[in-house]
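So that we are looking at the same thing, I have put the structure below in structure tokens.
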Amino acid sequence: MSRKKDNYETSRWKKFKSWVDGETDPLDHGMEAHEAIPPREDIYDSAAHEKAVKEELSKIYGEDRRAVLRARGIRYFQRFYKVMSVVLCLGIIMVLLWTVASLPITGNASNPDNNEVAARYIEKGLQETGAVNIVTGMILDYRAFDTFGESCVLFIGSCCVLVLLRLDGDSKNESIRKMIAESDDRHFEPKNDIILQKCACVLVPIIMIFGVYIVLNGHLSPGGGFSGGAVLGSGLILYLNAFGYGKMGKMFTEKLYKRITLCALTFYCLAKSYSFFTGANHLESGIPLGTPGAILSSGLILPLNICVGLVVACTMYAFYTLFRKGGM
Amino acid sequence: MSFVQNFPFFSIILAMFSGIVSSVLSGKKARNLSLAMIVVTTALSAGTLAFCLKTGESYTYMMGHFPAPWGNEIRAGVLEGVTAVLFGVVMFLSVAGGMTHTAEDVEDSKLNLFYIMIDLMLSSLLALVYTNDLFTAYVFVEINTIAGCGLIMIRQKGRSMSAAIRYMIMSQLGSGLFLIGLSLLYDVTGHLLMSPAKESVELLVDSGSYRLPLLVIMAVVSVGLAIKSGLYPFHYWIPDTYGYATPTGSAVLSGLVSKGYIFLLIKIFYRVIGYENLVGAQMINVLYLFGVAGMVMGSVHAIQETDTRRMIAYSSVAQIGYIYMGIGLGTTAGMVAAVFHIFSHSATKALLFISAVGLYEVSGDRKDFVSLRGAAYRNPLAGIGFAIGALSMVGFPMLSGFISKLLFATSAFDSPSKMLPTLFVLAVSTTLNAIYFLRLVITLYSRRREGDKPLPPNPVKKSSRGLKFAIVCFIGLNLVLGMASQPIVQAITDGLAMFE
Amino acid sequence: MRLFECILLFSLIVCAMSVAFTKDLLTSIIIFMSYSLIMCIIWMILQSPDLAITEAAVGAGVTSILFFLTLKKIRAIRKEEGSEQEEG
Amino acid sequence: MDVSLVEHLLLNIEETVSIVLFGIGFTILLLHRNLIKKIMGMNIMDTATYLFLASKGYITGRAVPIVVDGIQDVSAYINPVPSGLVLTGIVVSVSTTALMLALTIRLYERYHSLDLDEILILAKEEEQI
């Protein structure tokens, strides 16, 4: 018994030493330890029978025992993870539903969220921002910092998509990328479809005018830079689908996209910085608000809406072309 | 109003603006712009800190023409100033240290996009530090997430892309929970700015209404941000993410991004929910338990790892456990220790990642233990850097890790019920830390043997000046945090007092 | 109006569930698109036309287009792979 | 189950539904193996939160917050704050969706699979070779 223990001690020490030297994989070490002291395996794995079957199987199929063990570990882990996740999700739903049951009732004017904040937006919004649409006035004047952050989210999102999907001339694994680019999915669809083109002839101008209307009237009616920009972007996408990249490429290149985005965001950034700076230092901004209700009113909101609209339209179109063929 | 008070706003806008401008610059110019921007931003943050130290109080800054409950606001105080300066320094050194590797890993035509991510990352971190508005915090959390994802997948290797999507999924789960927490909070208080929201929360607590929603808000917001910062049971994305990003990416992600979320969480605890309400609601004990579990399990996982980069990543899990344990102690001293550990860990972990790069350079870009044997002789500076980082993690005196462990231990005495488990876990976790870090350090300083796997031909690359500079500065930063800790701890205490 | 809203809300849940359980990706994308459209009508009922117009343009429009494109791209890759195997 | 609880849930029907949707989206995002489904789940989760917010701003019998005929009375319009927040949120979710779809395409190009578990295993194997 004592000899056995000695042996065990020395082997442990050796293993530990080799592990400190980084010679053995600690997982291997663990497996070897399992072989040396069988009871530990039982703790690890309650279904001893299944283990036996697995070992039979591994003998039959000549599989590496380690791989089987590892795969089984992963499977157990996965099953455990699945069950835990389902329990977690159900728990979250239950707790949140329970919470909802003790929240104030929807549609009630005396709810805590209808407080002095909303009251001031409604009562003085028109005088302070010049925007008839209070929501627009709120997001582009009262809480403009959030909205600036939001356009930065869009900007960085498009940058990430550019990183992932743009195919460059000096791309590293060029042959593969070129192959994929050549097998562009446009090969599988009819070109110059006459029905699509005629429909596009009618629809594109209407969509574009609608988009421009939404952008320009953001401070007067529902909508604004973002929704209008998305409509404009989808108009561009329809045009592209109907008439192909050749025609589109003549008027809309990557350079133009970059310039528009840069100019619009720079203007946005500078205009808002000016407004923040003057606001915080209690200076007059000197931007006329105009008569509420007129198209040229509400100070910076109209130009900002135009900027956002341009950025969003270009970004949506860029997403489309990048997803389609990895470039513009 | 003093002109210095504009500095936090300037630093956020400057970082964003340089990101926007970088989209049309070449890679090299974008890099220089980014480095210059980080220096200027750090200087501005230092100015803010000096101002706050001089006046001895914090101030809010209106973003626009409208005061508190109506317009956006940012807030600067001593703690914000210290954090912003430290984040700026760590960011600068990480970018400078990983510069050459970034240029190798990233395609030339996409290099400027990498620096856009760095710029926007810094701006979002600063915004998270300075923000006084919960919805602004949400928007910038999203910017931070997307930029983090960009930093991971910019290598465009299979492993880094799969790590990126995993990171995105976990982060989105976290953001979803965070957002629903904000919605609930808005529903019961009617405010999104932190100061008025806190007033309403206090009224609610005093009147005893909406007790359950408040509890759920605490839980959901904490869990959301804990998922995003990689607290123990939600840590599965961490090793892949930190292990397969670019060196700069790993350093920034582990050193700054998760810390930004934790800082935001602390800010929400203090400035919205109220720390005493949190302690009263027992929520804190859950965080404590998770933190303790993370401290042990992260180290256990790290011991099992053969890839050194993944090992360092798992050690991050353990260190984040320390931070949550400090938050969970439920005392001000514990919180001070947690905040100090945020600083200490972001300096140390970035140092480890950056100096590990110097060691991989001389081992043919291999990351396993056998190939790294003797690497410290081939690149002495990186070896010293790594050793110091490892010793700091273990808690060697004179280094920053020692101070934070000391703070944790002393703060444990303030809460009698948690004293014994805290001290015990600290001892266990330190031992485990010592096992895996010292093992690696011993490997680095032992000679190569006969039977070792041969290194690939021509393994020794000269490390760039940027890397050497970064390692030296990081060592300095660690020593400063370790030896001159008294004023920093004082500043943290003052800053936390200003949060109230 | 209340009843109409309840029906819409119920169909939202149905759509979300069927997104989860549909095997075919194209079908689930179309269901997701209708989910966005229903959401847009509900927002109209809740007196938020700004949201409705944005959701219609973005949720039902651009997001769905992006999903379709992804699916198309994936099918293109699959087809290419298949043809290569046939050649080989 | 308590009767008043169910009644309250039915009174708050929009919130109840949005929480259920949130749960469905959360579950899909966490558990579904297919990446495209996961992304859809993420979208469902986000829109559910937005529905929650938007219903919080709604007040029965009041109009859209667009000033008509110069009436600027609080009792005439619904709360504009949630609408503004949701507008910001929608943009965020579009950006993340586009980013994740792009990642999906790249991963499919590389591993010819949409199953996240399979992709992770394949990526691991690829590195070992």
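We call the chains A, B, C and D, going by the order they appear; numbering starts again at 1 in every chain.
Note that a contact is a pair of C-beta atoms (placed from the backbone, for glycine too) under 8 Å apart; a residue touches a chain by one contact, two chains touch by 3 or more.
The structure displayed is predicted, hence computed values, not measured ones.
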Far-end chain from chain C, centres as C-alpha averages: B
Contact-richer chain pair (by C-beta pairs counted) among C-D and A-D: A-D
Rounded Å distance, chain A centre to chain D centre (Cα mean): 12
Between chain C and chain A, distance of the C-alpha-averaged centres to the nearest whole Å: 16
Chain B and chain C, separation of their C-alpha mean positions in angstrom: 37
Multi-chain contact residues (two or more partners), chain A: 92, 96, 98, 102-103, 111, 113-114, 117, 121, 133, 135, 143, 146, 149-150, 153, 156-157, 160, 164, 180, 222, 224, 226, 319, 323
For chain C, residues that touch 2 or more chains besides their own: 48-50, 54, 58, 62, 66, 69-70, 73, 77
Chain B, residues touching no fewer than two other chains: 135, 139, 142, 146, 149, 153, 156, 180, 186-187
Listing of all chain pairs that touch each other, if any do: A-B, A-C, A-D, B-D, C-D
Residues of chain D that touch chain A when the two form their complex: 5, 8-9, 11-16, 19-20, 22-23, 26-27, 30-31, 55-60, 62, 64-67, 72-77, 79-85, 87-88, 90-92, 94-96, 98-99, 101-103, 105-106, 109, 117
Residues of chain A that touch chain B when the two form their complex: 19-23, 25-27, 30, 92, 95-96, 98-99, 102-104, 111-117, 120-121, 128, 141-146, 148-150, 152-153, 155-157, 159-160, 162-164, 166, 168-172, 258-259, 261-262, 265-266, 269, 273, 275-282, 285
Chain C residues within the chain A interface of the complex: 48-50, 52-54, 56-58, 61-62, 65-66, 69-70, 72-73, 75-77, 79-80
Residues of chain A touching chain C in the complex: 133, 135-136, 180, 183-185, 188, 214, 222-224, 226-227, 230-231, 233-234, 237, 316, 319-320, 323-324
Chain B partner contacts - residues on chain D that touch it in the complex: 22, 25-26, 29-30, 35, 38, 42, 45-46, 49, 52-53, 56, 81-82, 85, 88-89, 92, 95-96, 99-100, 103-104, 106-107, 110-111, 116, 119-120, 122-124, 126-127
